[in-house]
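Same chain, two partners: chain A is paired with chain B first, then with chain C.
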Partner chain A sequence: MRWLLSLFLLGVAACVSALSVSGSRLLVVLEDEGEREKYGVFLGDLSDRGFHTTIQSPKSDKLSLFQHGERAYDHVIILPGKSKGLGPALTANQLLDFMKKEGNVLVTLSSDHATPTAVQSLLLELDISIPSDKGALVVDHFNYDSASAAEKHDVLLLPFPKALRPDVKNYFAGEGVIAVPRAVGQTLGNESPLIEPILRAPNTAYSYNPKDEADIVEDPFATGEQLTIVSAMQAHNSARLTVVGAAEILQNGWFAEKATLSGKAVKTANREFAKKVSQWTFKETGVLKVGKLLHYLDEGVSKKLNTSLSIPEHNPTIYRIKQDVAFQVEISEYSGDHLAPFIPASSDSVQLEFSMLSPFHRLNLTPISQTANSTIFGVSFKTPDQHGIFNFRINYRRPFLTNIDEKRQVTVRHFAHDEWPRSWQISGAWVWIGGIWVTIVGWVAFVAVWLYSAPTERSVKKTQ
Partner chain B sequence: MRLLHSITSSLLLSGACIVSAASSWSFEDATISVQSKGAGVSAGAGAKDKLNPSSPLAKSVSLGAADMLKLQLTTTDGKKAKRPHQAFLTLTDPATGLEESFVLSVKDSGKSKVDLTHKDLPHQFFTSSKPIAASIVISSFGSSTPYKAKVFDLEISRDPNLPLAVPEKPLRYAVEKEIHHIFREDPRSPPKIISLVFAAAVVAALPVLFGVWISLGANASHLSKALRSAPISHALFYGSILAMEGIFFLYYTSWNLFQTLPAAAIVGVVAFISGSRALSEVQERRLAGLR
Partner chain C sequence: MAPKTRQPAQSTASASSTSAPARSNKSSGSLDAQDIVQSVWSNYLKKTPQRVKLLDSFMAFLVVVGALQFLYCLIVGNFPFNAFLSGFSATVGQFVLTASLRIQTNPENKADFESISHERAFADFVLGSLLLHFFCINFIN
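Then we have the complex of A and B:
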């Protein structure tokens, strides 16, 4: 997390307006240099946001994602080309290695071009399926652009996506309609929590192959909202990959085009959508940063978290069982060009786990205060009645947000021998305490009697 | 909203197409039947219903575990039977919004059919509390208005005794259930009154003991005699016994072991030395027949 910030500070210091937290070196893989003009506005927007763009053909000898074992670029855009392969520098494995080193990838598909095998196997690896036959595309007879696709219905006009779930922030909201021309639909595997749809097809859409199924669709690849047009994957290391089903979404020709949706004239807002998608993919949005963690023995006096970076964290290393402990954490969200206070979605909350192997406590944190660029979340709780080595752990994973996993280890000891309640405070012990006192007094009296007792008349008689 | 709009507009259009010749997709001669596997053809044919493209079926259709739902219709464009590109039966769970589409097999004449059994349905539908909405989508390329409308409600009945094989929910990153540690119960004492009664009984044993001793003739009459013959050793011996008890008391309330042990050692030595003198004096009294 710290390198993120240092990179960010470095970026600010150098007055480079790179808006991504993970760097500004962008590789655009484009086979046909002549097609560059088609994506001119999109690439121009990226340069305006501070990305240093390198455009390379997949056939180029110089093309390599790595240099001296490190990433040569921070982000990659793969645009469709005519050839079926992407060459030896862009195999599925190399793209995965690139992501393992926290590089971000934006893959575009197109039904006009065959999907390269490297991209096919990359998506297969991530549990994103695409139709295997070339030319398969998404049509919808209800939401099509009747100006440009009156007959074929293959240019879909869709509203901006809504939030995926009520507890997930929406980074792709916008006004207007998105034109989706000749898209390759994807289906997402159900098992992986890492892949999420960004833009789903409408519920009457389906994917078919115009060559085989020209008359009637008999066995569609997928139908309705199970078909996604733009899908996203965020790895455990927060590297991001976005699949855009139609490369034409990013082309100048659709950025602000007049279209007709069921008789009404509308204007496409693809430029806005392309911006949102590329911003998310290249870590300009949805990036979280953890500041300091504070925990202390809660003795009725609440402490304030000092967010200054010059003062190191200074937390206790040991607590006793059944002690009241207060916890605070500082979380900021990177938004565009600065860190802002992080506010989770309405039905979501950051959680603290107090765990030894498994969590003993899992508590929702509540925002207690805000600084200029962070929210301070806090909670108080009682340490469990189990001694051992515990962790304060914040493991915050949500769709479209970078993962947070922070731990602070503490020892929880048991009661010392002089921390227990005294015996006279325990009412059940009174009988035994009484017994001891009776024994003591009886013993002292017995010694006195034994030492100083004079013989009585009776006992003298007996001995005589 | 959009859906509703499209439904109403398509309904309006389908109504309008009777008057005008504006081309729009619809269907006719639609029948739906539920056949039980065991009941034979004649019994199954009884549950036949006609579907209307402009209004959904009033009663819901029930599909049992051994049943097969058969939907037959003829797709039309305008008034003519025609084969569309898309002919789907779409089932929607109204609670979750989950959708599943089934493709109708359409002949060139527009005659289409689809069969449904429990095996075809996703497991989420079995646990749905509300009936599943079934709509028909008929549409194709070109300018004809597409058709989509709800035609009936599907009630999925299943044998409640048979366990339902619901796969485990896949992991999704979301807020997890809170865990609050359940503390072990604090040790409890019996009611105070019981402790007090028994403590009183124990304390009462002391006067009883003293009473018995006195009745047996215990006394301290030789104290003056003992002090006269060995004053220092008797005072020190009895004093050291009391001091030892005092040390134990301090250990119980405030002292630690390292304060207790030296004090106990000193008092112990005093008790040993003074005790041998004091006990010699007691022996002298015994030999003199005074005990």
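Then we have the complex of A and C:
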């Protein structure tokens, strides 16, 4: 028994050492071992954050995303290489299977190298489009770095992205400018709710191929904010894929470089941005965890949610229609290295559905208290006038946050025969109660008179 | 009123009106109608046995009580609907039971109910009524 416990503790310790909730095994796919130095600082930062990095060439025989049918790695970074294919171990299907098993993928593109067909078809599958011709890149004649790209205007200097919407938390905020050298712009399909832009190109940017001989760009791939430079996709199982349009963003050469933006000297903050993007992709940020759920019959006495994991949830399985029910749930957000209380964005709230096929209630949950590492949300409501099998359901899906879909099933029964109010308690019924008793009293009187009058009847009969 | 008692009354009334058709033509129609009603009423009072009269007055009482309850439902609404149903159906059911007692005990129907004595009919009536009251009180809760 003791060795089992120590094994368990060892496992816990191994989990704790990794900062990602989904594991620490990281595969870096890099074709040219000589290019490793270029990404040295980025990969070093990842190792410092607790990832066990394996660098493999796509041509390697040993390379496989799966072992014995399970993921061999938790995260994959695909860095651009010279060859057009990624080999038999990294086909689009295998990468998708990897994501189906909740593996995270960071794909980088580069305009210097052709995009591998596996990556092309993977992105097509996810409704992310990239220009089909090799060498197409994003230029901007206003936000370029005049120190390194005075002529070509293909090194963009962009501020850190703002929140996508007011009701979405921003995991990519920072100070300074991001240098985006020679990026491959992407456009995102309108249909998919799973893809979101992380870093958009500015209004004045457009995508163009410098190999085109024409002076004027006709029919560009995309312009302005249609172009995204870094885009994100989070699947229904919360597996994440990030496309970084320019692999050079992650290179040492741009991590803290002096640049000139419209005459002013600035310093690039790519290291910070690379950290934010990789943290998000590898599930170090934006990960939600549901703790315990509590629901109980609200009889004026409020109960407290016991967040201790040693005590199992003990909730009633049956309610009656039109009863007051209180609901509480504990939600934490994993940030960096610990679970913190989850606070939704200012104009957003977590909602509780009380549903049988379709929701009968959809209520905003309000934070009622906080523990050291979770927020307890609560709401009280009246069960609907409908009996059946209901679910307490929290279905919370927001960009950049892992999906929550928690259900607890309960039965809602109808009134028992002795739970209805008695007739005399309803003043509207008094007339009809009176009606019944008048009828009964009248009947008793009638019976009495009938019995009393019986002899005379007989005498009448006799006379007849 | 059951038609069986009205028939002899009507026949006597028509007999009396045939004796003086000219007078009714001369005088106003309303007076004639009044005459008819009056003669029907006096005939009823004269020819109906006392127990049948008792039954008739009880049935009239039930009609009034039922009508009042229905009127209340129309005006105020049927909120505890089970209360309305039991209150109203108590009077209706009692009316039906009383009507059957009246049919069975009326001396004019003696030929049809020779096998049923008045005592037996009354016992049935009492049992049925008690059952009805029991159900109504139960249903009103």
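In this section, the second predicted complex is superposed on the first by the 420 of 464 C-alpha atoms of A that agree within 3 Å, B and C clash if a C-alpha of one lies under 4 Å from a C-alpha of the other, contacts with A are read in each partner's own complex, and residues count from 1 in each chain.
Methods note: a contact is a pair of C-beta atoms (placed from the backbone, for glycine too) under 8 Å apart; a residue touches a chain by one contact, two chains touch by 3 or more.
On a predicted model such as this, the values are computed, not experimentally measured, just so you know.
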| item | value |
| --- | --- |
| First (chain B), second (chain C), both or neither touched by A:His314 | neither |
| Partner chain(s) touched by A:Lys62 [first = chain B, second = chain C, both, neither] | neither |
| Touching partner for A:Gly428 - first (chain B), second (chain C), both, neither | both |
| Partner chain in contact with A:Ala448 - chain B first, chain C second, else both or neither | first |
| Contacts of A:Val438 with chain B and chain C, given as first, second, both or neither | both |
| Chain A residues touched - chain C or chain B, whichever exceeds | B |
| First, second, both or neither for A:Leu363, with chain B first and chain C second | first |
| First, second, both or neither for A:Trp420, with chain B first and chain C second | second |
| Partner chain in contact with A:Val217 - chain B first, chain C second, else both or neither | first |
| Touching both chain C and chain B, counted on chain A across the two superposed complexes | 426, 428-429, 431, 433-435, 438, 440, 442, 447, 449, 453, 456 |
| Parts of chain B lying in touch with chain A, wherever the complex brings them together | 3, 6, 9, 83-88, 90, 97, 99, 101, 103, 105-106, 137, 139-143, 146, 148, 170-181, 183-184, 189-190, 192, 195-196, 198-200, 202-203, 205-206, 209-210, 213, 217-223, 226, 234, 237-238, 241-242, 245, 278, 282, 289-291 |
| Chain A partner contacts - residues on chain C that touch it in the complex | 49-51, 54, 58, 61-62, 65-66, 68-69, 72, 76-77, 79-80, 82-84, 86-88, 90-91, 94, 98, 107, 122, 126, 129, 133, 136-137, 140-141 |
| Contacting residues of chain A [partner chain B, same complex] | 139, 141-142, 146, 150-153, 165, 167, 190-193, 203-204, 206, 208, 215-220, 223-226, 262, 322, 347-349, 351, 353-354, 359-364, 382, 384-385, 397-399, 426-431, 433-435, 437-438, 440-442, 444-445, 447-449, 451-456, 458-459, 463 |
| Chain A residues touching chain C - in the complex, by the definition given at the top | 420, 422-423, 426, 428-429, 431-436, 438-440, 442-443, 446-447, 449-450, 453, 456-457, 460-461, 464 |
